[in-house]
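Next up: some structures, all given as structure tokens.
Heads up, the next two complexes both have chain A, just with different partners, chain B and then chain C.
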Partner chain A sequence: MTQSARRNAKVPSNEMTAMLIIFVATNAFLTYPRYISRNAYEAAWMEPVLSGALTLILFLIVEFLLRKYFRNLDIVEVSKEVFGRFGAGCVALLFSLYFLCSTAAVMREFTENVVSTVLPATPLIFVGAVFMFAVGYIAYAGIEGICRASFIFLPLLLVGLVAVCLMTMNWWHPYFLLPLWGTGVDRVFVGSFQYASIFANVLLLTIIYPHVHDTRATRRMGVVSISVSTCLLVALMLTYHMVFPPEETGKTTFALYRLARIIHMGPFFQRLESIFVFLWVTAATIRMSVTLWGAAYLLSKAFNWSSYRPAIPSLVLISFSMGMWADSWVQVIDLDGKYLLRWGWTVVFALPLVILLLGSTVRAIRRDRADEHDDNGGRMRRA
Partner chain B sequence: MLKFCSLMVIPVLVFFYTMSFSRWLAKRAGTGAYVSAAMLGVISLGVSAVTIWRLVM
Partner chain C sequence: MNRIFGGAVKRLLTVDDSVLDEQFSLENDNLDSSYQFGPSEAPPEEVNFTTAENMNYRTNKRVSMKKFLQRGEQEYHAAVDKARIGHDVEIPTHLEDMRAKLERAFHMPQNKDIVVREFQVGVEGNSKWSGMVVFVDGLADKNVINLSILEPLMILTHLTDAQPERTMKYVADKMVPGNQSVFVDSWADLVNNVLTGSTILWLEHCSSALVIETKGWEHRSVSSPQTEAVVRGSHDAFTESFRTNTGLVRSRLRTEHLVTEIISVGNLARTDIGIMYVHGLTNPSLVREVRKRISEIDVDFLMDSGMLEQFIEDKPSMLIPQVMATERPDRVAASLAEGYVAIFVGNTPFCLIVPVVLWSLIHTSEDTNIRYLPGTFMRVLRMIALFTALLLPSLYVAVTNYHSEMLPTDLMLAIAGSREQVPFPVVVEVLLMEFAIELIREAGIRIPSVIGPTIGIVGALIIGQAAVQAGIVSPLLVIVIATTALASFALPNYELSMGVRVLRFAFLVAGAILGFYGICILLCVYVVRLSMQKSFGVPILSPVAPNSGSARDVIVRGPLWGMNKRPTFLHPLRSWRQNPITRPWSQTTEKRAGIGFGRRRSD
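Take a look at the complex of A and B:
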């Protein structure tokens, strides 16, 4: 087995950080801007800030629990301690299903985006198949390969995102951001919580924790990745809302594509969207390879497979089929918004936190009992 | 039908690959690992067949 596919592979924290940033920032190219714009109008840029703050708090709690009670264990191993082998299998299946649905939704959305913008004459099934082949190839390389690819690609993506923001400067209308609280404080807070599932850092941490090279750097990794991805999302949302009026922002499916289309800085810098589309597609490929690797890895841990790699082709086929199942693009966007985005927090935040809290309680009780047993043994020996 | 059969070549190959993986697991990791891997292969073939049928027929 090559080094990159080892199940106990260790990855430097800067490469993990790059992977987490790309994973969250990719949502800017998907339907996330549409839903938060529809929910909060002018205050849509505040939602990533609140969601990011919530994620950061949960990340630090989860990191503390893992460091104190479950060093070098992942969520499946903790579930085995709490629920037994069968329960851990069910938990792993649930997480894997979530990852597969996420891969399928992103695949279909990006495929439709590519077909409708840069490759209009190419059949949808062909673009989707090529896309999934690339995703499967990266996932096959393992977490080391994915994180290394993320680390190399991140600077390019950052340049691309900042360029989209700055090159639309001549279209900015700062007064579009007023009134400050948009549809109201309560809706902004509810929306921030509902759509916080795009920050999957907490769930990913519970999976990648045994693979972090230096666990002392995990806290910094979480803080940096959440802060940078939040800043990127806020910058993009601010730009988007300064360019388009609030009534329009909730109707666009691909916000960034629309922004890239209107770039017009003299005769040499205009219609640059095809450059940006390929940047976003690469980012989406990395994001999908993370979810696909996560699904294969969790299943392999739950069912005692010696390697997760042979499961990758089957999982690629399942997620491709799920993505192509929907009749239309609109149906995919509706399903994504209704289930994955709105209820994703139960899988991304609530379930890992509950499992870790239960696991740490079980460990604390066992430790107390062992201490009591030692005390009684000591007393009897002295008597 | 020809289009469907030609598109099913890859899912069938993946099915045989996953089945050989499950047989390998049966020798090394036990019945649970074997059954779960075999089920994955069957599900992937079934889901792919239905989706491709819907797309091309």
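Take a look at the complex of A and C:
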């Protein structure tokens, strides 16, 4: 398929919604529960709610700006209008770097999880290489393939997450959720803002907007995806905090695995953590293929490449190398928490919003000037 | 005796290449282009493909690949055109010329299949009127030729010398009572019609010949389907007759809008390809695409629908078929009524339906004939069978090798106990069993029916009992492999079943190397691959991904009175297949027919 066809590929909104839900909900398998638990203790479940609400507001603003001023344009094309080609290139590089770092961090965390839980005797590099190959292949298929696969796998994810929550019912201790505000209201709010970058819906919207089949459904797409992913995260966090005491929750790197591991519903349904491998592998593969595709797509748009596809193998290699660069898992978790999770909001929320606001201002000024010019011309003609 | 013995000893003890020379060899006969029995007989007219102009590409000068391919194409077409020397000329009007041309065209007298019967038309007078009929022995019905062509012309006809009546049109209108006859003016049409089983009636001084339909070769009569048997449904299947097959479909779908186009494919020998669709219902783009793909096939001979399938499908390297082959006329009729296109290939007992979606490969024609709840149950069962056939051995390997903790302790101990005597790793054990099953399956197809039951007994003994007793495989694995084989047989589509057979080994390797993780990664990759695959412009995972609002007909089968629309992924010209209220007399279903039960809002 040619690049023009690829760029004009239109994806139905329900498939986009599925992709966005999986993209956000995958954080349940990563270090997000650990950080918010450490930050808010008993009130950790509130943080996804607040982060989701913040994301929803920003999403609606961004959607409004795109619909009003930049129909069928993505963030790079808007940047070209605001900053020119060089500036747009820098913006694309920045976003691509963020995506690459995110891919690398998730890859390392994910493969460490795999090796420590289900494949203890397999070399880390082999597990990571297989994973990156699959991610590269899926990213190579493009946004259509990713979204279609998301739509197919979403029911599995939903059923799996709900099953994990419900099957640990015999370990629930609701009083673990008290005191209600955990470490305090201010820490909950600050943490919600700091760790809101897992909701990358806003940034993704500015990239996939030209690919949405029906732009009128974009608002619904954002509302549904943010609501469902927030509900999933909240359900998981509530369950996690009802099962384990708050001091422990901040120490675990893989909350879902710990939950799945304690499932014991009679002698036959026990130790089902291996079954959930299907769940987190599919979710992580889709999430990483989105970030990898996003990086390649932005670069191809910024530098006018005829196709993003040749960039995929090199980006796979770069992110794999970056992921393997850290000495240990602990170092990766520290780096991820310190930089990507804590400061990710600047790239995920602030920068797209600033670019769109500047772009809409520029367009509004141009429109005013054009109107003035028309008025002057009309007056002169009348005179 | 002594000489024979001596010769044998000599051959054993000495290196004598002349032994080979005693046997016939083709190697030295490259320059011999004559098919005559002896060197004294004159060689027939032949086409020389190695002429000077065809050989001039043998040069050391380097050319670009594009130019090289262009040149090759030109040379090929030139050679093919040469092979058709004289095809486009007119039909001779004199008996001697006609006879000579026939002999040259059909390589007579060596070729004994072609029958040329010369005769005199009954004329009361002195002026003779000679003619001949030409047909292929074995293809044409001799009774029809004798009774409907030769007898009327030779015995029953009493023409006078009057010249105006000596025209082919007069003969066709008044004298030959064939039910289908048509005039041909070119030599190529004459040859083609002879080869399709028709009889050519030629009369001297006429510039055209009359083609009379006399097809009557032996073929299998309509019988029950071999690979798509059902309990509730019709029991007839396609046979090795093109016209019988189209007739079987037309007898079910009796509409004047059902169109059958025929395209001939093949340079050496022509094969008729029938494209059947419902005019005004099927998407014209789809019909054009099918026509285009078929007409662009440039081969010498296309024998079977399986060959055509590989020429026209989007990605032949995929293991999942992108064309559905069926031997059931009712299925073809139902598909045509939905907006699909059916393709008949010559005299093959399989019809191709395009496009295809993955879900339709696990459907059977029986699903519609039974009520919707059992129908859904059967489809769910087949879906489980698909995943079982694909994944069960690999899951067994993954669980026993990597994830044994997920098994209940008793079961784990039972498996460990059963594997205690087995000397191989699990994956080798599984591969051995899979190999045995595949052998039995392959042998079962080719073994003569007389000793057919034996193979089952031998296979069951080898796999079920002897292998376990010998300690080569564990009893649990026998159950796993048997269940996999059963699941594989439960898949209604043969091509899909073949694809799953091969894919199973890929998943087995993934499971053996990386456990659930490997299986899951491969599954993800393959799902994405499938989601990007199209069959004649339709994504193969439609209507699930991309999701389109079709009637419920994927895994769940909705009630017939609620499935009001045709599949939207086909983009038919008429999307409604029935009135939304089809049971107005029913209190329960009438209310629901428009909005709810068994249908979506888009229905």
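Convention: the second predicted complex is superposed on the first by the 379 of 383 C-alpha atoms of A that agree within 3 Å, B and C clash if a C-alpha of one lies under 4 Å from a C-alpha of the other, contacts with A are read in each partner's own complex, and residues count from 1 in each chain.
Please note the rule applied: a contact is a pair of C-beta atoms (placed from the backbone, for glycine too) under 8 Å apart; a residue touches a chain by one contact, two chains touch by 3 or more.
Remember, it's a predicted structure, so these values are computed and weren't measured experimentally.
Visitor: Taking chain A as the common reference, can chain B and chain C both be placed on it without clashing, or not? Answer clash or fit.
Guide: fit
Visitor: Between the centres of chain B and chain C, viewed from chain A's Cα centre, what angle do you get? Round it to the nearest 10 degrees, please.
Guide: About 70 degrees, rounded to the nearest 10.
Visitor: With the two structures laid over each other on chain A, which partner does A:231 touch: chain B (first), chain C (second), both, or neither?
Guide: neither
Visitor: If you stack the two complexes on chain A, which partner ends up touching A:353: first (chain B), second (chain C), both, or neither?
Guide: Neither partner.
Visitor: A:335 contacts which: chain B (first), chain C (second), both, neither?
Guide: Neither: A:335 stays clear of chain B and chain C.
Visitor: Going by the contact rule set out at the top, does A:299 touch chain B (first), chain C (second), both, or neither?
Guide: first
Visitor: Compare chain B and chain C by how many residues of chain A each one touches, and report the one with more.
Guide: Of chain B and chain C, C contacts more residues of chain A.
Visitor: For A:97, is the partner it touches chain B (first), chain C (second), both, or none of the two (neither)?
Guide: In the superposed model, A:97 contacts neither chain B nor chain C.
Visitor: Mind working out whether A:223 is in touch with chain B, chain C, both or neither, as first, second, both or neither?
Guide: neither
Visitor: Quick one: classify A:270 as touching chain B (first), chain C (second), both or neither.
Guide: second
Visitor: In the overlaid three-chain picture, find the nearest pair of C-alpha atoms across chain B and chain C and give that distance in Å.
Guide: Minimum C-alpha separation, chain B to chain C, in the superposed model is 18 Å.
Visitor: Going by the contact rule at the top, pick out the chain B residues touching chain A in the complex.
Guide: 10-11, 14-15, 17-18, 21, 25, 28-30, 32-33, 36-37, 40-41, 43-45, 47-48, 50-52, 54-55
Visitor: List the residues on chain A that touch chain C in their complex, please.
Guide: Counting only chain A, the residues touching chain C are 11-12, 14-15, 114, 118-119, 122, 127, 130-131, 134, 137-138, 141-142, 144-146, 148-149, 151-153, 267-268, 270-275, 277-278, 281-282, 285-286.
Visitor: For the complex, give me every residue of chain A touching chain B.
Guide: Answer in residue numbers: 125, 299, 303-306, 310-311, 313-318, 320-322, 324-325.
Visitor: Using the touch definition up top, name the residues of chain C that touch chain A in the complex.
Guide: 399, 402-403, 405-406, 408-410, 514-518, 520-525, 527-529, 531-532, 539, 541, 544-547
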